[in-house]
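Okay, so chain A shows up in both of these, paired with chain B first and chain C after.
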Partner chain A sequence: MHIPDGFLDVQTSVIFTGLSAAGVAVALKGARSQLDEKTAPLAGLTAVFIFAVQMLNFPVAAGTSGHLIGGALAAILVGPWAATLALTIVLLMQAFLFADGGLTALGASTFNMSIVGVWAGYGAFLLVRKILPKSKPSIPIAAAIGGFVSVPMAAISFTVQYAMGATATYSTTTVLGAMVGTHILIGIGEGLITGLTVSAVIASRSDLVYGWKNNAKSLEIRNA
Partner chain B sequence: MLNNRKFYVAGFIVSLFLAGVVSFYASSSPDGLEKVAEEIGFIETAKENTNADVVLSDYGTKGVDNERASVGIAGVIGVLGTAVVAGVAFKLIARKPRKTKN
Partner chain C sequence: MRVSQERLKIRIQENKHHHGHDVGERLYLHRHTFIHALPSHLKIVAALCFILIVVSTPVTQWGAFVAYFLWLFTVVKAAQIPFLTLFKRALIEIPFIFFAVLMPFFGTGEKVQVGPFELYREGLIAGSGIVVKGTLGVMTAIILSTSTTAREILRGLERMRLPVLMVQIASFMLRYVNVVNDEMERMKVARESRGFNATGMKSWKVLATAAGALFIRSYERGERVHLSMLSRGYQGVLPQEQKLKISGSIWLTAMIYPLVAVIIFIAQLLIGRM
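Here is the complex of A and B:
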């Protein structure tokens, strides 16, 4: 879902660069108070893993592929603030080193994946976690659903940008339908990868998983 | 439970393997956004990336003809580069100042 240069007009690109910069600044503040020496390496590894898996496009329908975004995955592993930062680092590397995603569109892409992808995925994860029994096996299931939801949400976010300032003039409703339809399919892959990865990390180091620790803690102290 | 060292080494090796080896088998079909843009027609408004001539453009290594090596090298460089940038960034972010508590 990396937007190339040219899709969006200058005004929209500037607006979303500003919004993303503000979002990253907030994330920086949140991550600073949440990360410590024990969890910081996992945030780094999460960025590395997401970079690697984003290279692995999987076929979803005739002539269409998708790849992991990783917003929900990162949020569940290291918390939503560090996740926004991890995704932003990945997008920066991709744009500058691999010319994947336009530089003028980087703010818009960051908004869709590092902010909407992360927070929509994390929000869905929290909702599902609340409904499921408070046990370890629930976490990968909630994670998978979070991953699934995050992709069409990011697609809707792109459509909003398209409506605000596309250089093309095709109807927004056509774009919305096509974006959501395609990205629901890609979301299935996102959900599977997210669920499997979270279950692998839970099996090996559940003490590091933000989405599990933070749940276990809320059983003891209720500060909601 | 894996110890810290084993866990991080394993995660890093898995990432290197995925980006360096498995990436060759990735689908080369357009991704969701690209496909939608093609079908509806707004793909025509896409401009070539301003830095489209970088050495690792589009996950290939310039000057390496073997496709498997070309994408593999790009993937390994990406993993190493991301590890350095993210590693340093998160280390700095997590560092707690001694005097003032945030």
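Here is the complex of A and C:
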């Protein structure tokens, strides 16, 4: 979902760069109030983690394999503010260093993945967590659904950009169908891996999972 | 013995395309050209302007695009970037080329005969537009990252008023990306030396556990780094570098890249009028 240069017209690119800049500014504020002077090292290492985990190949079938996008995963592990920052930095570095994704389309890609992807995933996670019983095993399930939702939502966001100013000739409904269809499949994989990863972290260091914090039972003093 | 040899072979192959290794050093080509010596923020501004002009050029003005490519190759030559490197690294745009190449086959409206295929005219124009503009964008970004170190690009972004916190996050990422990648690589070697072979979805649990372990290690490293920074007197901001003074002639040199594109753009407009 790295959009190349020339795919969106200048107007759309400018609009989404503005929206992303505003979103990142809000995330900066949120992360500062949550992490204080810890923000830079922790969001930085989260960005490294996302960058690395995107290179971890998950075999699917018949020689094909996929990898994690990681927006929802990062949001559940370190909180949505830091996740937005980390994902944005990953996209920025990929565009500037690897030429992966156009420089002028960076705002649009950032909007899809580090704003819509992260927040839709985190929103779905919160919703499911509310419905499920307040126990540890619920967290990976909620995380899986968050991971699943984040991918087609980002695809829908891409389709909106496509409808607003793409230079292509596929009809918007075709793109919507194709994008949402394939990304529901990708989302299932993303959801499963997100859930499994969160369950692995929660098993050994549940204190690191942002989506589980303050949820632990308080100490109960019993008489002998 | 055979196993270990195979392992070595795999590692060598992986290292070849493993783009996480030595980020910045491996992408950057050390040369002594005036393009390498330009201040990085000027290069970023120039690259962005160039791409914006390319993107705003109507697709039907193919003459302009030929001129853009010729100009881009001249700059590649001047920066002493081997064309093989340029083309190899441009392969990253293949997924979107695929998207664009299919476009002329599905569409509506007028049809044209191209070789054995009957293609939709509009789709053909739009598809080739995406490929051409995308390629110019990718190649411009490649010139930028082969002539500028990762650290310098970051500094350039800082001078372009990217928020300080974002710059810091990015510099942490650059500093630790190799460490974490090596950690992931060691975990992979460990997994495989225990006989693990990733086949199909049944191995996802193992891989996800590895991803979880990688997160814990990264996060703990972040905490350690933070504590060691605090003990060295860190208070939330890094020391600022001195303001750079840049003369008009350096600005002009950097801006030649988009200026020539502007000239091509105007020329194309004038020729189109006639």
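Quick note on the criterion: the second predicted complex is superposed on the first by the 191 of 224 C-alpha atoms of A that agree within 3 Å, B and C clash if a C-alpha of one lies under 4 Å from a C-alpha of the other, contacts with A are read in each partner's own complex, and residues count from 1 in each chain.
Heads up, the rule we're going with is that a contact is a pair of C-beta atoms (placed from the backbone, for glycine too) under 8 Å apart; a residue touches a chain by one contact, two chains touch by 3 or more.
Keep in mind that this is a model prediction, so the values were computed, not measured.
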| item | value |
| --- | --- |
| Partner chain(s) touched by A:Leu77 [first = chain B, second = chain C, both, neither] | second |
| First (chain B), second (chain C), both or neither touched by A:Leu196 | second |
| Chain B versus chain C as contact partner of A:Glu37, first or second or both or neither | both |
| Which superposed partner A:Val10 touches (first chain B, second chain C, both, neither) | second |
| Chain B versus chain C as contact partner of A:Phe158, first or second or both or neither | first |
| Residues of chain A contacting chain B in one complex and chain C in the other | 2-7, 28, 31-32, 36-37, 39-41, 43-45, 47-49, 51-53, 55-60, 85-86, 89-90, 92-93, 95-100, 102-104, 167-168, 170, 174, 204-205, 208 |
| Complex contacts: residues of chain B adjacent to chain A | 1-2, 4, 7-8, 10-12, 14-16, 18-19, 22-23, 26-33, 35-37, 39-42, 44-54, 56-59, 71, 74-75, 77-79, 81-83, 85-87, 89-91, 93-94, 96, 102 |
| Touching residues (chain side chain A, partner chain B) in the complex | 1-7, 28, 31-33, 35-37, 39-41, 43-45, 47-49, 51-53, 55-60, 63-67, 82, 85-86, 89-90, 92-104, 155, 158, 162, 166-168, 170, 174-175, 178-179, 182-183, 185-186, 204-208 |
| Complex interface listing, chain A residues touching chain C | 2-7, 9-10, 13, 24-25, 28, 31-32, 36-49, 51-53, 55-61, 68, 77-78, 85-86, 88-90, 92-93, 95-100, 102-104, 167-170, 174, 192-193, 196-201, 203-205, 208 |
| Chain A-touching residues of chain C, taken from the complex the two chains share | 18-20, 23-24, 27, 44, 47-48, 51-52, 54-56, 59, 89-90, 92-93, 95-96, 99-100, 103, 106-107, 120, 122-123, 126-127, 129-130, 132-134, 136-142, 144-145, 150, 153, 157, 163, 165-166, 168-177, 179-181, 184, 198-201, 203-205, 207-216, 218-219, 221-223, 225-226, 229-230, 234-236 |
